[in-house]
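Notes for the one structure printed next.
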Amino acid sequence: MSRPSRWSSARRWSSLSRPRRSGLLAGTAGVLALAAAWEAYKALLPDDGWVLGEVRVLPRTTDVAMPHLWDMFARAAEPLTSAPDSPPLWLATLQGAGFTLGVSAVGWAAGVVFGLLVAVLMARFVPARAGLLPWVVLSQTVPLIAIAPLVKRWGAQLEVGTFDWQDWMSVAVIASYLAFFPVSVGALRGFTSPDAAADGVRLDLFRAYGVGWWTTFWRLRAPSSVPYLLPALRLAAANAVVGTVVAEVSTGLRGGLGRMIVEFGASASADPAKQWSPIGGAVLVGLAATGLVALVALGLRRYRVEETA
Amino acid sequence: MTGVRARVRGDWLGLGAPVVVGVAAVALWQAVVTGFGIEPFVVPAPSDIAAELGANLGVVTDAALATATNALLGLVLGTLLALAGAGISAAWRPVADAATPLVTATAVVPIVCLAPVFYTMFGTDAQTTRVVVAAIAVFVPVYLNTLRGLRTVEPVHRDLMRSYAATPWEATRHVTLPGALPFFYTGLRVASSLAVISALVAEYFGGPVDGLGKAITSAVSSSRYALAWAYVLGAVATGLVFYAVTAVIERNNHAR
Amino acid sequence: AGEPEPGAATPVVLQLQWVAQAQFAGYYAAVDQGYYADEGLDVTIQEAGTDTVPIDVLAAGDADYAISWVPKVLGSIEQGTAVTNVAQVFERSGTLQVAFKDAGITEPADLAGKKVGSWGYGNEWELFAGMQDAGIQTPDDIELVQQAFDMNGFLAGDIDAAQAMTYNEYAQILETVNPETGELYQPEDLEVIDWNDHGTAMLQDAIWADAGRLADDEVYAETTVGFVKASLRGWAYVRDNPEEAAAIVTAAGSTLGASHQLWQTNEVNKLIWPSTSGIGTINADQWDQTVEIAMGTRNETGATVISAEPPETAYTNEYVEQALAELAEEGVDTQGEEFEALDVQLTEGGS
Amino acid sequence: MTAVVVSGARRVFDGGTVALADVDLTVGEGELVSLIGPSGCGKSTLLRLIADLDAPTSGSVSVFGKTAERARKDQDYGIAFQQAGLLPWRSVRANVELPMQLRGARGDRADRAQRVARATELLALVGLADFADHRPHQLSGGMQQRVAIARALARSPRLLLMDEPFGALDEMTRERLQDELLRVRATTGAAVVFVTHSIAEAVYLSDRVVVMSPRPGRVVATLDVPLGGPADRAARGIQLREDPVYFERVSAVREALHSGEAASDRVPS
Amino acid sequence: MTAVVVSGARRVFDGGTVALADVDLTVGEGELVSLIGPSGCGKSTLLRLIADLDAPTSGSVSVFGKTAERARKDQDYGIAFQQAGLLPWRSVRANVELPMQLRGARGDRADRAQRVARATELLALVGLADFADHRPHQLSGGMQQRVAIARALARSPRLLLMDEPFGALDEMTRERLQDELLRVRATTGAAVVFVTHSIAEAVYLSDRVVVMSPRPGRVVATLDVPLGGPADRAARGIQLREDPVYFERVSAVREALHSGEAASDRVPS
């Protein structure tokens, strides 16, 4: 039965999608609505939230639990500490966010490279795929915090010539551990997508040309994988940020948002608005990271007629 | 090229190869640790881990059950919320657009940032925060995948329902929902192991003293690394059970 | 210590058990005041995260010395980590169990049936020992709650009795506005269980060295004396100049507020000074009490810290005695009998 | 009363493409009319206007004297698309039952029994009685098409709309289904609007062949095919295809197509 | 020397399906042979054996006197599948250049220039000179097919293998491409194995039509089509389709097909 090819149907869908601008407007409305809901909730519900039997179903509304939004912004404008040369909190947060973003980027890149290598290995050798894939899935059930100190330890033992392992590199490695997973799974799906019966004709074509696996890989499998790879890269970016922050908390690396979150715990009771700054910073880092991936996607747009989850 | 022989080979590979790889990896690990006399704080030997697991099976199981309960509640709660949200978003485009930045932000914000404030909001004497954290982690993939599924209605099916003058509810019941099911399951599969990890990570930041996350730090802080890894095995097993159960539900529910 | 070679300072890495704060003021002061440099040492201070086990960093060779609480290290030693306590800096325990007055908790036995906060991470053994002494069965008789980085759980009433260090969390409470009065919480609002008063105090911050290297590496042994000496001298500086010491720690990157930092400096001083046998000396009776509790106390999973006496190498006064002798020669007061604590005013948020 | 009246229908798409320009079309009751023309000439668009799956930019469409919308809501027609468009999660039988189920007002036991009986009958008609409990993906493309046709016939509509329903089939299966369509028509007396790009098929099946020209889509010729009524044709079967009238009409349609094509400046492929 | 010799070829698939049973086929140099038969009778399987995309369970295949594998590695044939199978990320031109690029040993400037010239020539041949820089998705189905055909011709193979290449096209485009194929054949003298399920197409194009029967796939008849050489046919164009010999051969193939079909017990759809 003839079905419209993926490529042409994609074009039809995109022509149906609404103008960007209305989405942007609605998005802003959504953010404002959440802000309004936060304050309304705070205003309307009792301090103790709503407790049903033994379980608190709705959160407390005290200023410690849910500071006013304007308090968060006001706090961000004030200095980080009372030290005379202390930068404003927003600036410190931004610097921390920049640091975390940098480490995440390294972790993302390392994870992407490793993920791609694993995917190529699994695409090339069927037994490798069967043997490795379950372990790749399994690897993500190992809690990150259990391996973070180990990675730091392994890294610290490493010293090759003038190259000295830095603590931030351990954090980047931990970030890459989370980032590699979606890449390897997504890339494998992409690399093997020409094997699907519906697309088999292209693979037959390359066989008819009498060319080897690697030529087929570069000319067919790799370009075909792009629609699968791009969402994976985006997921990997979000994962890399999560991994970086967790590892910063875990190893105590100074400079990033994770460390700020740990330290600000000490003032969570008396200065509750303070800890919302690094949370906002983390959202920014995540958005920036996925935004950077969008740039990569832009470079690959010729291969990206449709994206597949 | 695919045929019975390939399938049989595939089945053998599907079960055998991972076991071979696993056994080989564990053997190599054991050999390296004993051969080079590696300290347990670098990496404990598999045999020691197994011994600790054997000696502490009850404690590990209790901890795993505590974490699994929160993960399961979070999985159910997050899935229900995601389904409701995706339904509303699919039915009403402006809601979907308005939710987009919030969902994106939720997808990228690390749990470690949220857990401390959630304990303050929901109380640190209850499991609520762990459930909420797991639910949030679950929400994102289930919502995104389901929404995509609800939106991917084949044009020919849409025309068909219109030609029958079907009501919106009939169209939803007969075409949209069944068509979205595979997408929903893709999201659920991702969410299942996420739920376990998230509930576990949340334990680091407060709540009643139970669960695998707490147990791992306790063991590590007194250098009992083999015991810590026995708890990690508990976490892996829990994640695997969650993943397998969702896979089985998926297979039974949409045998295609 | 040996003659410092001119121009070639020995690099030394010190692993802390948490991030920079006045708890470690002595080491930061020693760096700042050049005491380590005087001993020919180039000291780098490494901070810790939530999952850092300082003693294992030391054992792995990634640090030369580590600061850690004794009960945590006893567990590691039993797991085969060869380290030695070369200077017991804190003579007293800073761990409290804090409750609001109206909770009716004045002594350990009152904890029964209450929601009790515990940090975990090996910081909870004094609490378990105290409850065990009071005949409380854990976890059956109490509801154990994992305490977060902050005191919000306590303030919101989720925890009836929370763990608190005198120098940190206790101050966090006193920096917070009491919504009922509109003023900061006052010590009178709180009931405090101090484990020093109930016989279950355990030794806390000590300087740990690698036992293997102490035995085999003469240079390291010499360095150890120099390191301990300069560190103790740093602590003497903190005692005599608490304001300056607090500023040094803040300058080293701590984000704690000024009044909180000074409070912490002052409280830590109280844990050291006056020193019974000279700062850093390990008193056998305190050590034995710590070991005894570590062997006899069960946590919520039924585990004890250790099951047998630690080896001989677990502590030695050899190096600290040399250091104290040299310090005495140089006219440094190592007992602080004259020590007078400050009366620090906490401000809202500790700023 | 006529089955379909399209008058002055125009359809301009958002991009400015004029898919149909002033199309008039009348289909009498029980009549089979084929639409033929090069790809992109608006055949599907016209069919969709009749089915009220799309609305004309100007002009009007009426079906059995009502508006197209009323006719759709009254379920006056059955439709088969070029793609079978079966619901993959339903069995073959359940796919055929779908239109009845959606309109089976009461949903009680008697209703159900009637539905099952009708589906069985229809599946037998398209030669798929043995496949009632299979899932669509277990059928070949041709079998799926036949299920879609059975589904279109389910409620015995007075009007059948078919958009290249045999497009994906091999020649022999196609010929067999053509004969089946003639038989169904003979027994039910339904009017049929049949889109195709096979000249032979159009001539073989139709009372009238409507030839269209591409962009903007217009009717360039309407040719009668005097080969007898449906029962007659179904009976003659293969011989019909060797009748000289048949060959002559095939040539006539081909010529009309080629001249219509020449009239437009650029030929789409 | 003959282009293709298949002797006693048998292909049994894993499930036990006998797709081909003892098939013999000879294609002379420059000859155009069509394979026709009901869906599932093994036409594609046979073509894939010749292309060495699949191997016979027993029997042998030789291409220009070599093994099929050798011929594939020597790039002795060009192939076009039923689906166009273009690479969507490449321009139309780059798609046509692909086989030359994969084999363009040196990849230097002269090599490149030659490739570009050849692609331009081929695109003109299939009437797509203006679309060289378009992407496949910007083309209609028929245009995509033509690109695939240009690609198959790129290295001027002595043997062309075509599996229902015009299957997805509307009738008029199809007829135009048939004429183009005849022209190409007349100029290059390539042998062609052409799979189709259109009887008219098979007769119009072929020197010989091979009729196959379904499961197990066998050759049930081989019919010569004495309508003149390719150049001659291309010149006569539409008139050829009205030649009595043409009609006669169409009927003959139809009869052969129907009888072949009757020989097997169950008809696949």
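Each chain gets a letter, A, B, C, D and E, in the order it is written, and its residues are counted from 1.
Keep in mind that, in the parts below, a residue touches a chain if its C-beta (ideal position, glycine included) is under 8 Å from a C-beta of that chain, and two chains touch if they have at least 3 such contacts.
These numbers come from a predicted model, not from an experiment.
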Minimum number of chain-to-chain contact steps, chain A to chain E: 1
Shared interface partners, meaning chains that touch chain A and chain C: B
Chain-chain pair with the highest tally of contacting C-beta pairs: A-B
Chain centre separation (chain B, chain C; CA means) in Å: 39
Chain A-chain D separation of Cα centroids, rounded to whole Å: 51
Rounded Å distance between chain C and chain E, as computed from the means of their C-alpha atoms: 85
Centre-to-centre distance between chain D and chain C (centres being mean Cα positions), rounded to whole Å: 87
Numbers and ranges of chain C residues touching at least 2 other chains: 50-51, 53, 56, 60, 148-150, 152, 156
Numbers and ranges of chain E residues touching at least 2 other chains: none
Where chain B touches two or more other chains at once, by residue number: 41-42, 116, 120, 123, 126, 204, 217, 220
Residues of chain E defined as touching chain D within the complex: 38-40, 140-143, 146, 169-173, 197-200, 238, 242, 247, 251, 254, 257-258, 261, 267-269
Chain E-touching residues of chain A, taken from the complex the two chains share: 2, 5, 7-8, 10-11, 201-202, 204-205, 207-211, 215, 219-220, 223, 226, 302-303, 305
Chain D-touching residues of chain B, taken from the complex the two chains share: 154, 156-157, 159-160, 162-166, 170, 174-175, 178-179, 181, 254, 256
Chain A-facing residues of chain B, complex: 10, 13-14, 16-18, 20-22, 25, 41-43, 93-94, 97-102, 104-105, 107-114, 116-118, 120-123, 126, 128, 144-145, 148, 183, 186, 193, 196-197, 200-201, 204, 212-213, 216-217, 220, 228-229, 231-232, 235-236, 238-240, 243
Chain D residues touching chain B - in the complex, by the definition given at the top: 48, 51-53, 72-73, 75, 77, 79, 81, 83, 85, 87-89, 98-99, 102-103, 135, 137
